[in-house]
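Below: a set of structures, written as structure tokens.
Each of the two complexes below includes chain A, the first together with chain B, the second together with chain C.
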Partner chain A sequence: MRFVQYLITAFVLVSLNFFLPRMMPGDPLSCLIGDPGADAPILLTEEMRENLAEYYGLNKPLVEQYRDYLFGLTRGDLGWSIYYNGPVSSVLLGRLKWTLFLGGTAAIIYTLLGTLLGAVSAWKRGTKVDVGLLIFVFSLGSWPPFFLGMLLIIICSFKLGAFPIGGAQSPAAVQAGGLEQVKDVVHHWFLPCLALVLTHLPGIYLLTRNSMLSVLGEDYVRTARSKGLQELRVLLQHALPNALLPIVTTIAMRLGFAIMGTMFVEVVFAYPGMGTLIYQASAARDYPLLQGGFLLITAFVVFFNLVADLLYARLDPRARATWVS
Partner chain B sequence: MAVNTRERIGRFVLVLLVVGLVTGCASASISTGTPNAAGPGSRSAPDSSSGGALSHASEPAVLTLPGEDWGYPSPFAFYSRGPGYIRMSLLFDTLTWKDEEGVIPWLADSWDVSKDGIAWTFTLHPGVTWHDGVPLTVEDVAFTFDYFEEHQASFKWSWPVDQVAGTEIVDDHTITIHLTEPVAGCHESLVGSLPIIPRHIWESVDDPIKFLDAGAVVGTGPFKLVEYSKEEGRYVYEANPDYFVGRPVVDQLVFIQVENQALALKTGTTDYASFSGKEMEAARVFDGDPDYQHIDGPSFWVLQLVFNATRPPFDNVDLRKAVAHAVDRERIVDQVTHSGAIVANLGIISPFADWYNPNLPAYEVDRTKSRALIDEVGMGDDSVTLITTAEYAREAELIQADLEQVGIQVELKTGDRSTVDGLLREGNFDLAISGHGGIANPATLRVPTWPASTYDNETYDRLYQEQASTVDGERRRDIVLQLQHIVAEELPVLTLWHPKMRTVFCPSKLDTWFYTTGGVGFGIPLSMNKLIFLRR
Partner chain C sequence: MGELSQMVRGKGLSAVGFAVLAIFGLLAVLAPVFSPYAPVEMDVPMSPPSGRHLLGTDDVGHDILGELFHGARFSLLAGLISGALSTIIGIFVGLVAGYYERLGFAIMRIVDVFLAIPRFPLIVFLAAFLKPGLWTLVLVFVLFGWPRTSRLVRSRVLSERTSGYVDAARVVGADDPHIILRHLLPSSVPIALTRFIAEFQHVILAESGLSFLGLGDPATKSWGMMLHYAFQYPTIFISDVWIWWAVPPGLCITLVVLALTFSGFSLEEWANPRLRKSGLARRTNAPQIFTGGSPIPHRRGARFVLYCTRLVGWIGGR
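Showing the complex of A and B:
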């Protein structure tokens, strides 16, 4: 039953992805050519507009465009990006791989680190370690992400000269290829990843700490302790798995949206990624790209929700019961 | 059970990590290959020794410039903005080009205009070859005009090829372009911006927008495209050793995406930075630093307060004059742009253009006069709307305060650029703040309220049409001056400011930067003319 629900949700979302961009004021052709803010503006004449509208199929009735869009989807054809002038799928994939790389690695790090620190904090509740961590994380969380990113650039890149000021790789390394390119990519990855980790750490940390605190008071933890088990084993084997339930949900939700979540880092570090792409697509009213981009986001959110559901069932027998029925 | 779950999560995380690393580390760029790989005999590899002989340094001279993705630099695929055209112009040449003085011969050595201004005859420079080694012929030129005219529906740049009635090949080096009617400055506007494309490649291309092969960037230009990465906004060009006016002094030209141009230049990441308007403050960090030099240039851009002169209340010219007397433009320049701009010419045209009219009526800030005008006209208690993008919200607030002092209640509305443009096009506003470029060129006067069309004046339109087909330079200039006078007198718009522009660069790398008269191509106000990279 749950799968049918997911299917219906997906269809509704796919349709929304089509209609929402078209409900915004403005249109892709005016953004493409008639941008008056441009240095050397081009007058979009009626004739040019008609020609281009026909070329991009924008003059067809909406129902027909919708049909073409659905039809294209079934064949895996996402259309042609009007602004970026390329197949939507390749424009998206070109950015997605960087987002997965940066956002994915950062997510792994902040999840592991946040869970670990949160567990330690709860375990050492009230001690100097706990208070120290709390103060550290709270002060971290109160900094605007943009500011944090710029601060990292100013200190680590400008003052210390230890890292590049931005970009995903340097042209020389791309030409050299091989190991040099890999090193260069990692070199460029470090600061934006650090910025992401520092931004997302507080949420995971606090959640784990709270969740652990409530679990640590449970009877089975007391039982485990009274069996004479080592503290570390109590913590890792008995308390943490139970505390993970809400954490898994939160992380899955975060991963679903992670695709847009790197946006501030992309801007500050001039790093390629999905966030700025979707933003630009929306500013340019690039309907096909918006549809494709939203579809990708939808797919991610739905996928990770599904993963959360499945994991939940694994973690909690009570949830499994509802899933099966 | 618990161990199982942990293992699963661990495995899942590991998979993510591997996927991330693999996809991230794989080269993210579309390598276009070397276009002339097909003809290896014609290619002389630019190794460091040959580069050293021709450039300043002994190593290959690499110049890194800041930028972003402006599309694949084929004539039909670059994004319709100045920087996109510039990237294309490094690969393709035009019959004429422009330097700091004005129009110069380029692929054409000389040209003649018939007395009626309809037939333009160009003589080609001999011995020019395409990047793939094939010689450029007069047939290529004829083909270019035909191809662009045939594919007008496919391009997104303002090449006025509909002015061309046809081409006529006179001999191996001479071609005549027949126009449908006399066009003033045809050698600058059309001929000076239309890239000549190779017939042997494009004759089989039906859909030029989607033609994104390596062949699409084969031109005659000073550089060849080595690499383009859409997602990273990176372009790598290498010098064309066989360029017809000599090999460029720069062996490799690289564009990379940066967030902060000043920081990129200061850290040596790039060798050049360009600032305009409100960004000018950031350029001050280079003042007095002996490692950097700068040149200032005109921007050919104007920010204006657009009136909706087709509906009350601003259909009344006296009311528009009242606004002009109320708005303190100098204060806006001081307080909002921090002197990164100059008070604009009331006639729209840039004060740095030949077409500028310096003798226009002025409206001194005089609230008493303004109020008297308003009282005379009588303007109800209704408030008027002023729409703007967030970018110009400060200007809007100052204007709102100024107008409130003379009794006009203004309601501010902000939207994103597409929304504001949409409202302007629909004519659904009273007042709007909107800016545009291209003001070195009289063509910009066609619709003074552009992108809105909220001003009707038949005399004005007739004069505009007249100058557009006047080949006699003096006569044409006279009419353009008149047009500016009408704009300043009738105020379809109240111009606010023109941004200043500054190019900062490392002279040790390259010190030939200049601003092109009237802008590169057809009015692009960037200091990035391909002549900079050539020995002149």
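Showing the complex of A and C:
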């Protein structure tokens, strides 16, 4: 049942990706080359227009185009990027590694830190520690990520000069190679990673805190306490494992958004990942690239949603029933 | 609403939140009165803060303080309209889906598909194709805002339905619209309001993000758009311009989002009584007597419904 649903979702997304640009005002061709009202219109004769339409298969019936598009997808063909003049799939893959590196490491850090702080907060509920953490985290969660990134650059890079102002590595270090390069990459990675951790920490923290609080009110925790178990043991052995259930699935879901979540931070720090690529694609009106990027991101999200669902079923026997039926 | 205001008084933070929101709301509504210059007036570009321009001017000579006031209009209006619309739609879909089982099952499958679609990428994608503007934003945010609310409302309705008073109302002859509108709707309002706050925040952050990426309407004055232009300015970081150009709109967004969070605190406690300190102590298995204050239709004069775990009877009337 759930698998069918994911299939439907994937199908809807793939179809949206095909039909949306075609539903928009103007035909895909004017999307490709810019319409006459654009900043730098490319004016075409009727004959050139027809040639182009034939080249891209745009004069075929819509159903046939759709079929070609679906077949292309199964071969990993995402179209041709106009701006980069290359296949969309290889342009995307070239940028993916930086996003996975930045988003992945940040995800590990904010997950661990958020869970830890959330558990402490729930344990010390109502005390100064809890209230202090809550206010701090809430204030943190209200900053737009790009604004936070800007402030970090201004203060840490321009004023203090402690970090590079952008990019993922410097050409000199790439040439030097070895340890020098590793140091350089880490140096470039630190600020964007910090920005990501700061913007994503509140979500995990609050979730852990809420989850722990609801678990601490359960009867089995009271039983464990009344048996005379030590507080720490109650917390670690009885409460935390049960509280982790929603956390684990949320983390799995968040990983799917890791690619998109890095977008603003990447743009601000000019980090050469997917986010910057999509930003450039939308600025350059490179629609095939934009569509390909959208498809890749949504595929990630849907896939990790599925993982989260499966994980949940695996961890919670009560949820398994919905998969069987 | 008496309960709500009581809690606000008890909670300093939510009072601060509501106060900040009220100030921003006032600034937004009265922007033309307060702002020293009309948004189209131009002066010397890039002038630092002075008596003439309290926050200086931007690269085309617009007064930044005036832009800030007018930006409040756009950002708050977009958040308010999108949040309100998606909450209203979400409530009604949720009520119907929770009350009618078969229909609800079908509706929830659609909701599931919507929820699985990653929102922000699609919004960026749509914004890149559609003509930017207030109504495009509202449309896109409402389209992807209602499903979460409707799911929450539905689960609330499902639990309310088994809690007895719905049976009681049905026994005394209340029809579906009456039960939905008079009993289930009021009990789902608190949880829907917390969603409204979350939605409001999401729209403000997402709008500023879209504008920052250059996908907003270049002609509108919004906080995100101001940040976009500031960030695009070549020497923004080297000089001190960022202090009065980039920081104020960024801080405004942060403040509004934070104020919404704080005002949400009181709503959350209202929506979820278990969060209240005494909430746990009040949970008891002893038979309870609920007395309904609202008049029951079709049973003229019946005022009170009495039940233990099941309805045992009503008092008064025929």
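General remarks:
One rule holds in what follows: the second predicted complex is superposed on the first by the 263 of 325 C-alpha atoms of A that agree within 3 Å, B and C clash if a C-alpha of one lies under 4 Å from a C-alpha of the other, contacts with A are read in each partner's own complex, and residues count from 1 in each chain.
Keep this in mind: a residue touches a chain if its C-beta (ideal position, glycine included) is under 8 Å from a C-beta of that chain, and two chains touch if they have at least 3 such contacts.
Quick caveat, the model's predicted, so the values are computed rather than measured.
Contacts of A:19 after superposition on the shared chain: neither chain B nor chain C is touched.
Of the two partner chains placed by superposition, only chain C is touched by A:256; chain B is not. Of the two partner chains, chain B is the only one touched by A:52; chain C is not. In the superposition on chain A, A:158 makes contact with both chain B and chain C.
Look at A:80: by the touch rule set out above, it reaches chain B but stays clear of chain C. When the shared chain is aligned, chain B and chain C each come close enough to touch A:267.
Shared-chain residue A:98: touches chain B; no touch with chain C. When the two complexes are overlaid on their common chain A, residue A:283 makes contact with chain B and with chain C alike. Touch criterion met: A:138 reaches chain C, while chain B stays clear of it. Ranking chain B and chain C by residues of chain A touched puts B first. Within chain A, the residues touching chain B in one complex and chain C in the other are 24-25, 31, 153, 158, 165, 267-268, 283, 285.
Note for the complex: chain B touches chain A at residues 1-6, 8-9, 13, 16-17, 19-21, 23-29, 64, 69, 71-72, 77, 79-82, 85, 152-154, 156-158, 209-210, 212, 227, 229-234, 236, 254, 256-260, 263-264, 266-267, 269, 299-301, 415-419, 421-423, 425, 434-438, 443-444, 446-447, 450-451, 519, 521-526.
Of all the residues in chain C, the ones that touch chain A in their complex are 13, 109, 112-113, 116-118, 120-122, 124-126, 128-131, 201, 205, 208-209, 212-215, 227, 231, 237-238, 242, 246-247, 250, 253-255, 257-258, 261-262, 274, 280.
Touching chain B in their complex are the following residues of chain A: 24-27, 30-43, 48, 51-52, 54-55, 80, 83-86, 91, 94-98, 100-102, 104-105, 107-108, 111-112, 153, 157-158, 161, 164-171, 174-175, 177, 181-182, 185, 189, 237-238, 241, 244, 267-270, 272, 277, 283-285, 311, 314-315. For chain A in complex with chain C, the residues that touch the partner chain are 5-6, 8-9, 12-13, 16, 20-21, 24-25, 31, 135, 138-139, 141-147, 150-151, 153-154, 158, 165, 217, 256-257, 260, 263-264, 267-268, 278-279, 282-283, 285, 287, 290-291, 294, 297-298, 301-302, 305.
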